[in-house]
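Chains: A, B, C and D, in written order; residue numbering restarts at 1 for each.
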Amino acid sequence: MSGPEAEFTDTRLLGSRAGTQSWIVTVINKVLPSVAAALSDVHDGATVMIGGFGGAGLPVALVDGLIGQGARDLTIVANNAGNGELGIAALLKAGRVRKVICSFPRQTDSYIFDALYRAGQIELELVPQGNLAERIRAAGAGIGGFFTRVGFGTDLARGKEVREINGEMYVFETPIYADFALIKAERGDRWGNLTYRKSARNFGPAMAMAGAVTVAEVRELVPLGGIDPEAVITPGIFVQRVVRVAQEAVVR
Amino acid sequence: MSGPEAEFTDTRLLGSRAGTQSWIVTVINKVLPSVAAALSDVHDGATVMIGGFGGAGLPVALVDGLIGQGARDLTIVANNAGNGELGIAALLKAGRVRKVICSFPRQTDSYIFDALYRAGQIELELVPQGNLAERIRAAGAGIGGFFTRVGFGTDLARGKEVREINGEMYVFETPIYADFALIKAERGDRWGNLTYRKSARNFGPAMAMAGAVTVAEVRELVPLGGIDPEAVITPGIFVQRVVRVAQEAVVR
Amino acid sequence: MTRVAESTAWRKRTRDEIAARLAEDIFEGAYVNLGIGMPTLVANHVPTGREIVLQSENGLLGMGPPPAPGEEDLALVNAGKQPVTLLPGGAYFDSADSFAMMRAGHLDIAVLGAFQVSESGDLANWHTGRPGDIPAVGGAMDLAVGAKHTWVMMEHFTHDGACKLVSRCDYPLTGLRCVNRVYTDLAVLDVTVGGFVLRDAVGGLDAESLSQLSGVAIAPPHR
Amino acid sequence: MTRVAESTAWRKRTRDEIAARLAEDIFEGAYVNLGIGMPTLVANHVPTGREIVLQSENGLLGMGPPPAPGEEDLALVNAGKQPVTLLPGGAYFDSADSFAMMRAGHLDIAVLGAFQVSESGDLANWHTGRPGDIPAVGGAMDLAVGAKHTWVMMEHFTHDGACKLVSRCDYPLTGLRCVNRVYTDLAVLDVTVGGFVLRDAVGGLDAESLSQLSGVAIAPPHR
């Protein structure tokens, strides 16, 4: 191996302090050498969150890796349900997905999802986008459920518990947990600290909190301390695995 | 007026675009010239959040301003209940506070609160710190209430609704709203965007969301665009008033 | 539903004219979310020199105009996934924070398109309800009930002549009693506890004639 | 409560020795919150070369040692409001995010002091319950039930000789069934569904003698 990963993955011998003898230091290292290594244990039936708002923030390399990895019967939690033939659409086309939990499956060229849905070959749980974000955060924050005004009196709240609070009607919503959260970040370090790029941040931070195993593909790996501690958006405690993805795949 | 505030407060004539004649532009300007101006409308009986964890992040100038302003019968929401003779302790000593909602009133020199509490002259709602933060955030995020495991079976959950969720026992907690949130930030601009300094960030961001009127004292005012949009911690939408406080008052 | 002939005596407002009429009413300093579709036009008509702040559900405040050709950044898009820019003073944040500001009344105005608006302020804009149509809601329900003011911008009639102002929505609802004002190609109406109240209409129309055309009660402007 | 004489045949562990014994058990890469008071000592005893990450409830990950004299920053303190430093790789965040990580099992280990720990794992550490005492809870309840593992570090007996391991707490509770392990000056014990189980004790003590001293059932180590 060569390139930036080597710095993070090839050694646990960190050298010596000035004036002392060298010793072995075991260090926290969440950087994995490949997408395949980062996804090797995704099991059939897993719930997998996938970041992104359309193509912005979509972890393209991880989604491709998930297709290659082969896990089936997945529940996907994402804002959209894919478009064209790449990304989430390709995962759907490969027949790996049992259910999608999302806010906006209908897009200009979401024909793969559309066809599966019309054929009754995929289950859809449609969630208002704010409820989606808040339910994901709830899972990551230890909240057992919460009341929101959003959705009250609509088809999307049908069958849900309602409650009047201070004269307004609220609906009870529950956390959405995930076995894996796959997200895309801009910069990462070996502790898993992340920054994002512009509006590609979107669902990344909340999904990182909710995933039992959060895998981040990053454009750039930096040494520890290479991210300003004031500007860390996702602290490393929420991230279990980091993979550098050199190529910027383009998916709209 | 002179100094940095002038840039933000003295004019609504912003000059001309190159090649065109000048015109009057009304601009959003949340910067006020003084603490007194920023607090003029705090009413008797108001609920006032005050940021800070001990002295870190405590908006000393705003608390002093509140004492000078004279509002009475206040409910204070803060992590602590003051210590020594300054800050929140001075507000308490001045007899302005009816009730404190906080997680940790007992400190090494919290004798002013202690005496009032023992004399039955102040009401205390003691809240686990995470419930305090989450209840404040709930108010700012439109959540009508939420279930948490924290506090179940303890005196601090006495009388509260409980519910079993997935085999675990949860307690129902409600939002804490405030008429005013007084917080301290490091850097601010005329739109109210804020950054914080190190662990002085603590309750500032959540309180900014929960306050009907959020007033931030900042160490430094910068022109619009002077804060990296990736590093804004509190977006201006949550902030109604900004005051520059030149002197760094020291309260432990 | 009341159906009307396409030919009329009054001149309908164009989409840009509706946008301009609505933009007039956006007050100085307002935080505004413009929904996908027609509402997006409003950004082009904000009166010169009036500073407002546009929010986009995907995590932007201070959204600016589309970039120059070649300057597009796939990581900087609006709710319609079109490339945009960020103004000085803008900020990025995550979806949970974005919807917190949308859902708790921090936004002053949400401008949304609609299939139907009822006289009690119910909004239908997310799903036709037709079998086979793919439902998609996005942030519509959050905006409808979350913003301080929910303004609808839409054509007065559907392509086949049905009035979109109704006494009761028959499309699936987005939110109950959430619309405060409606801007159409014929009129601007407030939605009050007493139903639709006209603010202004295109030349030749008054509350009575508009009410007759629309098939719902529309009260004359309050003086 | 069982009371014992202060003079004993076995040598008690010092506070630093308890801290060192506990630090031995903190695994590589653990995210750890050290409560106010005695638990703070643990930071001084993490084995050389073992990298762990300390969290502080007031919004720090990657907390480092106290600064050199004169380098203190009032904006960079720990949960006890004492000046600290931040290590490379550290991060600042707000209280809501901080408690999210504490309350949802993201922290591996919370180390807390205690007045009492019951054989079912109930913890009492926030309030004496005495009239006139000012109650203060801080983050204790959040940590007790939120961390993956809650370890208590305390003296085995109170100053007046009462054992702090009890069958049932009589101080106000911090959390129910939340303590996984207890480190005292006499022993290390797991708290299991079957009650206290000894892991190791200072020389001269076995489960039986410790149980007798403590007045609660303590099972011998599982082999």
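Definition applied: contacts are C-beta pairs under 8 Å (C-beta built on N, C-alpha and C of every residue); 3 or more make two chains touch, one makes a residue touch a chain.
Bear in mind the structure is a predicted one, so any value in this text is a computation, not a measurement.
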Lowest number of touching-chain links that must be crossed from chain A to chain B: 1
Selected pair, greater C-beta contact count between B-D and A-D: B-D
For chain C paired with chain D, centre-to-centre distance based on mean C-alpha positions, whole Å: 56
Centroid spacing, where centroids are CA-atom means, of chain A and chain C in whole angstrom: 32
Residue list for chain D, restricted to those that touch at least two other chains: 86, 92-93, 96, 99-100, 103, 146
Chain B, residues touching no fewer than two other chains: 134, 137, 141-142, 148-150, 196, 198, 229-230
Graph class of chain-chain contacts, one of line, ring, star, complete, other: other
Full enumeration of touching chain pairs: A-B, A-C, A-D, B-C, B-D
Residue numbers on chain A that touch chain D, as the complex places them: 23-28, 137, 139-142, 189-191, 193, 209, 223-225, 227, 229-230, 232, 235-238
Interfacial residue positions of chain C with respect to chain A in the complex: 56-60, 73-77, 81, 86, 92-96, 98-100, 102-103, 127, 132, 134-142, 145-146, 172-176
Complex interface listing, chain B residues touching chain A: 134, 138, 141-150, 163, 165-166, 168, 170, 174, 195-196, 198, 228-231
Contact set on chain D toward chain A in their complex: 28-29, 31, 48-51, 53, 55, 61-62, 86, 88-93, 96-97, 99-101, 103-107, 146
Chain D-facing residues of chain B, complex: 53-57, 79, 103-107, 110, 113-114, 117-118, 124, 126-134, 136-137, 148-156, 196-206, 233, 250, 252
